[in-house]
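So that we are looking at the same thing, I have put the structure below in structure tokens.
Which chain is which? They are A, B, C, D, E and F, in the order written, and residues in each are numbered from 1.
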Amino acid sequence: MIYLTRRERFSAAHRMFRQDWTDEKNQKIFGKCSNPNWHGHNYELFVTVKGELSEETGFVINIDTLKKIILEKVIQKIDHKNINLEVDFMKGKIATSENLAIAVWNQLKPFIEKEGAQLHCIKIEETENNSIEYYG
Amino acid sequence: MIYLTRRERFSAAHRMFRQDWTDEKNQKIFGKCSNPNWHGHNYELFVTVKGELSEETGFVINIDTLKKIILEKVIQKIDHKNINLEVDFMKGKIATSENLAIAVWNQLKPFIEKEGAQLHCIKIEETENNSIEYYG
Amino acid sequence: MIYLTRRERFSAAHRMFRQDWTDEKNQKIFGKCSNPNWHGHNYELFVTVKGELSEETGFVINIDTLKKIILEKVIQKIDHKNINLEVDFMKGKIATSENLAIAVWNQLKPFIEKEGAQLHCIKIEETENNSIEYYG
Amino acid sequence: MIYLTRRERFSAAHRMFRQDWTDEKNQKIFGKCSNPNWHGHNYELFVTVKGELSEETGFVINIDTLKKIILEKVIQKIDHKNINLEVDFMKGKIATSENLAIAVWNQLKPFIEKEGAQLHCIKIEETENNSIEYYG
Amino acid sequence: MIYLTRRERFSAAHRMFRQDWTDEKNQKIFGKCSNPNWHGHNYELFVTVKGELSEETGFVINIDTLKKIILEKVIQKIDHKNINLEVDFMKGKIATSENLAIAVWNQLKPFIEKEGAQLHCIKIEETENNSIEYYG
Amino acid sequence: MIYLTRRERFSAAHRMFRQDWTDEKNQKIFGKCSNPNWHGHNYELFVTVKGELSEETGFVINIDTLKKIILEKVIQKIDHKNINLEVDFMKGKIATSENLAIAVWNQLKPFIEKEGAQLHCIKIEETENNSIEYYG
């Protein structure tokens, strides 16, 4: 079993809040991350896939193929966008990095399996100090 | 002459656009950075001051003092905010990193001079690939 | 299960040595790290907690709460201190990063569990080339 | 159980290709990485060993010993070399990072075990965006 | 005057040597960098341009335009290539980072000036420890 | 004119204080950096030299020679040492990074000039947030 990790980046706006809460309650629970006028981040996304090594190519997965999947299924939908308003796979979810990691997992899993590999981990770094990992 | 650089970080939403242009023209000139629903970044701000060394302390400027000035005059006003809508020193300006660097310079200069040092450079890194420097 | 990692930093002095060994033996086993006049590092501490996602907040743990626990139980006790002489949770232990990781684990575990999450990993980077991980 | 990771770096040339394929087929499968005139990378190698803590020293393994093993068995053989032509432990293998990680694992395992520790993971970062992990 | 820096990356093979010297003399002067079978690096290229701020756009130069120039005039010619054998703008030059910085300067200067900005600095990082700057 | 920068690292203990001040006054001016039991850092030292390009070698200075000078004149004297107590070129100086940069400049200048290059800048990064530059 070999693990391959690809990093991609995206810059997006978001806000953490619940529509069924007042701004005051959102402020109390989510703090400055609940700012109604949005804020944003340079997110780093690390996608780890695993699988047996192909003896023919010495690859787990062709990294160009993996890159294309990540760009098409995730980056093009979220880069330079508003996560709360514009990203279909985050619709109806609180825009935390936790929920984002799970949504990205679901977004990528079938397409990576179609390539004969398994999705192992989605890691999202929101800032240099905070990151989330999800293993399914 | 000694140069001292302090790094601080902020996360903010922004949009590049001109109100006197159509969304189409904004899109043409500013590309994806003109998204009407905003996007955002983890900005890194590097403030460089210069001055003679104090023989008494071995300092150019007390770094705690410099940090307090940057936090009070810049970071608290921009971190987790919308640069276009909420930052007083960016009011009426296109929210490019170029304009941001100049505005931060003007915001900090008098307070650093009050401490007996000179402001030398404002550097703003918008992403790991793009940065702006302004020397006054 | 979701994993969240928070990075905090501290700068401290230390020395690796055993009081029941001569300076020569300490020098032989611990090398330059045994310098009787101390040396120091910028340590990076990565605390990983895991848990079920709260449906109400989209969080594993409120990161502000986690940050406060790490600052109060670890950083305030060790930052700008001498690990051998001044840090209560390292008393009587050889000041290796291995022992430090275990001690930080014990220091944080009950307070993270009180918040309904589990402590998963303590990672300490002593330099850009050397790091230690402890999983309990 | 404690995990210790040591980073070492090497710069090397390589080319991904199969001698039993035409240049055209190599180009189709391996893309620009198949350039017959070679290209190269600054590789980062992370070697993670695990073991019980020695009560006498507070170490899993003496990091100077680990460093010497990595330098002698891997770095001196591959740094500033051509991976396809000059590295004995890569002879006859396609020069992917996947194959490199496995070969480095085999190269290091017996010598780390001789020191009373276990080899846990070989991680190779080929670029800031692509990395491989192998756990045996 | 505002300074804007764009980072791009390329991976390439090279060898430092003079054809009019023996392998032994090349080895003596250039050390392991003279390996006849090549070695390689992940180079980081930082291109800094300067100019007056456009009041209309808040830009020194449109960064998409700058990026296209760098990709077309430099990166596409050198990425995944052999600097000694395949890069037209390095033909007949010793493949040091010093010569590379000057050649990249000459390669980019006219196209940046055509955009109304000035080329200020070419910085090339060969490894995390070694870099070259050229200001014309 | 070409500029070449070499990075070296050292880990050291220090304390900022004046013997002619009370611990209380040292604490007031230098804050936690005045801790009588010392603290420490992983310092990064960037040495920039400048000069004309040698047409024979394509070098400003042979980087192996530069590295040896830095190691012999600075790193071996300060790495894993106490800056206040053990470093001859810091004797009698307050152990700020400002004073350290000037002292390193004086330590290196004659030996770099002997190699036919000029010393341009000493940069010392004490933490990821604080750095000092000195240009003579």
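The working rule: contacts are C-beta pairs under 8 Å (C-beta built on N, C-alpha and C of every residue); 3 or more make two chains touch, one makes a residue touch a chain.
What you see is a predicted model, and the numbers here were worked out from it, not measured in a lab.
Can you list every chain in contact with both chain D and chain F?
Chains that touch both chain D and chain F, as defined above, are C, E.
Looking at chain pairs C-F and A-C, which one is connected by more C-beta pairs in contact?
C-F
Compare the contact pairs of B-E with each of D-E, A-B or E-F and report the one sharing over half of them by residue number.
Checked against B-E: the matching pair is E-F.
Counting in whole Å, what is the centre-to-centre distance of chain A and chain F, each centre being its mean C-alpha position?
42
Provide the C-alpha centroid distance between chain C and chain D, rounded to the nearest whole angstrom.
Chain centres of chain C and chain D, defined by C-alpha means, are spaced 29 Å apart.
Would you kindly tell me how far, in whole Å, the mean C-alpha position of chain E lies from that of chain A?
34
Would you pick out the residues of chain D that each touch at least 2 other chains?
Answer for chain D, listing residues that touch two or more other chains: 128.
For this entry, which pairs of chains touch?
A-B, A-C, A-D, B-E, B-F, C-D, C-F, D-E, E-F
Going by the contact rule set out above, which residues of chain C touch chain A in the complex?
1-8, 48, 53, 56-60, 62-64
What does chain A use to touch chain B in their complex?
9, 11-14, 32-33, 35, 37-42, 79-82, 85-86, 127-128
Sort out for me which residues of chain E touch chain F in the complex.
The contact residues of chain E facing chain F are 16, 18, 29-31, 93-96, 98-99, 101-102, 128-135.
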